[in-house]
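Written out below as structure tokens is the structure these notes cover.
Chain IDs A, B, C, D and E follow the sequence of writing; residue 1 opens each chain.
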Amino acid sequence: MIEFKNLSLVYPNGNEGLKNINIKINEGEFVVIVGLSGAGKSTFIRSINRLVTPTDGELIVDGEDILTHNGKSLRALRKKIGMIFQSYNLVKRSTVLKNVISGRLGYTGTLKSIFNMFPKEDMQLAYDNLKRVNIEDKLYSRADELSGGQQQRVSIARVLTQKPKVILADEPVASLDPPTSHQVMKYLKQINKEDNITTIVNLHFIDMAMEYADRIIGMRAGEVVYDGPASEVTEKTFEEIYGRTIREEDMRGGEDNE
Amino acid sequence: MSFKLPPKPKNRPAVAKRVISLLALLALYIWTITSVNIDWGRVFSERTLENFDRIIPQFFDPAFEETGTILVKMIETIFIAYTGSLAAAVIAVPLAFLCATNMVKNKWLNTIGMWILGAVRAFPEIILAIIFVAAVGPNPFAGVLAIAIGSTGMLGKLFSEVIESIDMNIIEALEASGANKMQILFYGIMPQVLPEFLSYAIYRFEIDVRASSVLGIVGAGGIGTLITFAYLNRNWDEVGMILLVIIIAVTIIDQISGFIRRRLV
Amino acid sequence: MSKTDQFTPNSLYPAKTKRTITLAFIAVIGFYLISSITTESFIINFFLKLSNITDLVGRFFPPDWGYVTYVWPKLFETIHMAIISTTIAVIISVPFCLLAAHNITTNKWLYNFMRMVLNIIRTIPDIILAVVFVGLFGIGVFSGIIALIIFAVGILVKLMSEIIEAIDMNPSEAIRASGGNTIQTIWYAVVPQILPQFISFSLYVFEINIRASVVLGLVGAGGIGQLINKEINFLNYPAVSTIVLIIFAVVVVIDWISGKLREGIV
Amino acid sequence: NDDTLVMGFVPSQDSDEIADTVEPLAEKLSEELGVEVEGRVMTNYTALVEAMGTNEVQIGFIPAFGYVLANQEHDVEVILKSERFGSGTYKAQYIVGADSGIETLADLEGTTWAYGDPTSTSGYLFPAAQIMDEFGVENPETEFFAESKQTGGHDQSAIAVLEGEADVATTFDDVRTGLEEDYPTIMEETKILTYTDEIPNDTISVTKELDDELVQEIKAAFLSFNDNEEMITIMNEVYNWDRIIEAEDSEYDVVRSTFEKFGDDISLD
Amino acid sequence: MIEFKNLSLVYPNGNEGLKNINIKINEGEFVVIVGLSGAGKSTFIRSINRLVTPTDGELIVDGEDILTHNGKSLRALRKKIGMIFQSYNLVKRSTVLKNVISGRLGYTGTLKSIFNMFPKEDMQLAYDNLKRVNIEDKLYSRADELSGGQQQRVSIARVLTQKPKVILADEPVASLDPPTSHQVMKYLKQINKEDNITTIVNLHFIDMAMEYADRIIGMRAGEVVYDGPASEVTEKTFEEIYGRTIREEDMRGGEDNE
């Protein structure tokens, strides 16, 4: 269970990333966060594994306030939270297998990992996870030889190898074309259901959000402006989140959203 | 509406700066051109033509009978350059990490690193060579040391630029999965920088083959002695031959290293 | 799927890659050992003889500040040589680096020919250039300048053609698509992209030229090298370190100017 | 290897052939002494002087000026010197254009001076000292001559006069013989204005660390080359030496006192 | 009018970009081309201004077969065809105005253009077009200081300054978020209607295609597999174009689309 209690985050330059967030996410939920560019979606997600540090409030993960974590306890926290990125963040020049096994680094001694000595079970796990996302035949390919969709699948395999309790995904399909996007979302959904892993995903596209989410959280300017089951989302919700209808006919004076 | 572009935003200090720099540049050139001491009469004299007549034919009629001696020295030169560049490549790595602002967040340490590299680069190779000849005697090892120290400055700077340009997102991804600093180094940073490191080291090796041709002057080994002797004795056919050997050797190295670099990236 | 279900990879790399890496590693170390033995270069010696080095380096300090007054004329001569040769080299290298970039010069034959010529130019050590031009044009600044120009063109064209090959070709496609001709495309799409690097490389070459003049001085091609050569031979090390420090200061200043110029342009 | 003797060789530029190998000499010496001798040639004696200071090189073939520095800095001792054309000394000459109208040293005032290298005894030090003495100037380069040009070598200095780049060149006596082949007119177009005092020839010196017994052996070995037809031929062909003769440190006092005139310019502490 | 007659294009490496295309596009039409990655959409579009050269067939633009054009006549052709790119293709370090005026290069002498001497009317035109896409206040900003949507609007202004008869746009909104995408599409549509400029656009997203297109052309593997008015497009059409339904539940063995 993840709980945000009056959580705020102000970036060093004064930008308010999160404003007083109160949210509870239950185990096994598939939550999609939507919102315009700059709404704070990434900040929200990255707070959970402390890639950014909220400046105020409490963030409870598995009963502990993670804002106090650092060093060892922070690494322990991160071990149980897997993360998937928009730009895959694979080491392009390393093989697929090496990328996937790097999900096990948190469980492996420094020296052993430097000499690539992973236990057999870990190798097995990595390979099984590659099979799970159907890409086991690319085992020894270099990551940069793969297409975007394949790279994202490798990064899912990497996260699975970490055996996380929570998966965070920051716009995992923004760089992919629609059919491939759906494929990736389906893998995520399948894993969420099969392994009961809490999954929190940022998405730009509301239609995709409605299709896969159990629950949708809408953000605007650092605040949560909508929170409810995907089934209850309406055209109106959309307007609320984006702050205006998108079909507006006033073409002049369009403000910039980036 | 009659045409009128909105006025260009005038940034007075910037414009003033630009004018001042232009004037400074102009002054610099005027100073240079008026004070440089070129004897044009000599340059376009019959002497030059006579020299062309005497030197150029010899130069392009290389002294093939010297091939043996020159080759031996050339191989020595290559060995010196190789040993020296390899040592430099090793020494440069920690210094480069020290200088890279995305690795060491402490500004002071960065600056210290930069100063070390800068100081090393300021020393002319010939002075390094003298110091090392005095230290270890007049032999190729002195040349190796001069090359090693001389190359560390440039390699360290290039390496640190490579490190600064890596994809930090990957580091973030590894951090997010609970890896520690050493693991991040080996799984996230090394695979990204190693090919560039190697390729710069090879590039430096090529430069060093040429640079070590100077070292012979002080007895630190290599082909430099031959160049000086050939010049002092005005044996242009030997200079031609030495140049031919250097061109061939460097071209071969260039081909091999090009091949290796293509496979690396 | 041909593999069985129980398959477990037991290595992060395929066997072939592992073999190649191992072989390459052995080759590098092996060649190191060979050259280390033939040149009798064992790093351990360096540490054994460290006291010799520190003694000698110690004699370079403190620098002889009184010597500074002797340095200016030759330093200025060096700077003049570097300014002239860099300027001319930069002008010469503009057409050549366009010709040596495969995304601009699509004619394969011309491109390869240019590359070959440049590679040969780059292999010539500066000392040989100096020696030959002194032989032809006599001692003095002119020979030094010509040697530096050729030396600099080789480096500049190589660096710049690589930058040009790495530019974003999309803008030039856009300009081509709107009917611009070749020169217009280069002027509007290529030049703005490479200008900052071009300037900083020019300054880099300027710096190299100042250093190279140390070597030129050895054979009478003018510049501050003469001074270093003389003071070294008189074992007048404090004076040498004054010269080196001044060269260092000049290099730092160039670095700084280069940074400022880049800031202004980027 | 501690038993190995290292012999550093700076070929005197003051001769018309310049050696680029020292191999035959080292081999022969090694044979005579029964220890390994390694030979190294370099064109710049600074490194050699310093290497003798750290005893990395034990035997040095150093020209006169280099020896004086080595003796002063590192107590290096001269044991032998070369003999050329039957003499243990040589002198420097002033070359001017044959029809330049320059007849005396005084005529040189305000002319352009070409010298090979400021550390060359005959090319720079002796002539410069002579000018300093006769005309009471401290820096001949700026106070006496209008301009001075460093050419890198004696040949190049003489050529500079021949080609009109300089009015006077100072070289060893007589550099022009070696140039006649390439510049057949050099003897007619140039003339010798005058000569300097006698300069002692290049030395064979040893470091203070060598024990006396070994030094004696080395001395004897070199001297025995004089009676060895084959060796003397090599010495002559390669190094332009006719004989090897004994030498005393005091013979080099003349060089020492010469460069002391340079005062600040050459600071010796 | 643009007419493809039995047009084929084989890339030097043997890839078949276009296979025997027969299509007629009328003046003033707003055509959207959809298809998977690699379907040949870009190849189709880029043939029209000869950025790629078809290897077989005829391509008639304004009554002339443009496949025979080269040098001068090719530049004349390109002058009347404007192009908008996915990555905007602005010169990042130049000002907005300089980017926009570069649309006039085809009408300006080489020497004049090198010294930035453009006729007054051209400057006027450039400025008016900037106003048209509502970005005239960024006139002297450097292109890389703008957001993605703004950059794309600048590139529209550049194309307008060229006074083209045809506008080609290769995935003009792929790098933009949905609200900004709609804005850009609306500008394109508006120009198409106001100036009667034939407009041909590549899009990934079928919903957007349906909203703006007069006519939709679907491509697959270098062939045209659908061609009809946007109003007649159905779920079925979509399946035809993408070669399968995208809601398929078979998650295994998903083929790669890149």
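In this text, a residue touches a chain if its C-beta (ideal position, glycine included) is under 8 Å from a C-beta of that chain, and two chains touch if they have at least 3 such contacts.
Small disclaimer: the values here were computed from a predicted structure and weren't measured.
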| item | value |
| --- | --- |
| Set of chains whose contacts include both subunit E and subunit C | A, B |
| Best-connected chain pair, where connection means C-beta pairs in contact | B-C |
| Averaged-CA centre spacing for the pair subunit D and subunit A, given as whole angstrom | 79 |
| Subunit B and subunit C: spacing of chain centres that average the CA atoms, whole Å | 4 |
| Approximate Å spacing (C-alpha centroids) for the pair subunit B, subunit E | 46 |
| Mean-CA-position distance for subunit C and subunit A (Å) | 46 |
| Subunit E: positions in contact with at least two other chains | none |
| Sequence positions of subunit B contacting 2 or more other chains | 39, 42, 47, 130-131, 134-136, 139, 217, 231, 234 |
| Sites on subunit D at which at least two other chains make contact | 44, 46, 50, 54, 56, 152-153, 163, 165 |
| Each pair of chains that touches, named by its two labels | A-B, A-C, A-E, B-C, B-D, B-E, C-D, C-E |
| Parts of subunit B lying in touch with subunit C, wherever the complex brings them together | 17-18, 28-29, 32-33, 35-39, 42-43, 47-48, 51-52, 55-56, 59, 76, 78-80, 82-83, 86-87, 118-119, 121-124, 126-127, 130-132, 134-136, 139-141, 143-145, 210-211, 213-214, 217, 221, 224, 227, 231, 234, 236, 239, 242-243, 246-247, 250-251, 254 |
| Residue ranges of subunit C touching subunit B (in the complex, touch as defined) | 28, 31-32, 34-36, 38-43, 45-46, 49-50, 52-53, 56-57, 76-77, 79-81, 83-84, 87, 119-120, 122-128, 131-132, 135-138, 140-142, 145, 211, 214-215, 218-219, 228, 232, 240, 244-245, 247-248, 251-252, 264 |
| Subunit B residues touching subunit D - in the complex, by the definition given at the top | 39, 42, 45, 47, 54, 129-131, 133-139, 142, 216-220, 225-226, 228-229, 231-234 |
| Residues on subunit C engaged by subunit E in the complex (per definition of touch) | 168, 170-171, 173-181, 183-184, 187-189, 192-193, 195-196, 265-266 |
| Residues of subunit E that touch subunit A when the two form their complex | 36-37, 134, 147-150, 177-180, 182-183, 186-187, 190, 204-207, 242, 246-247, 251-254, 256-258 |
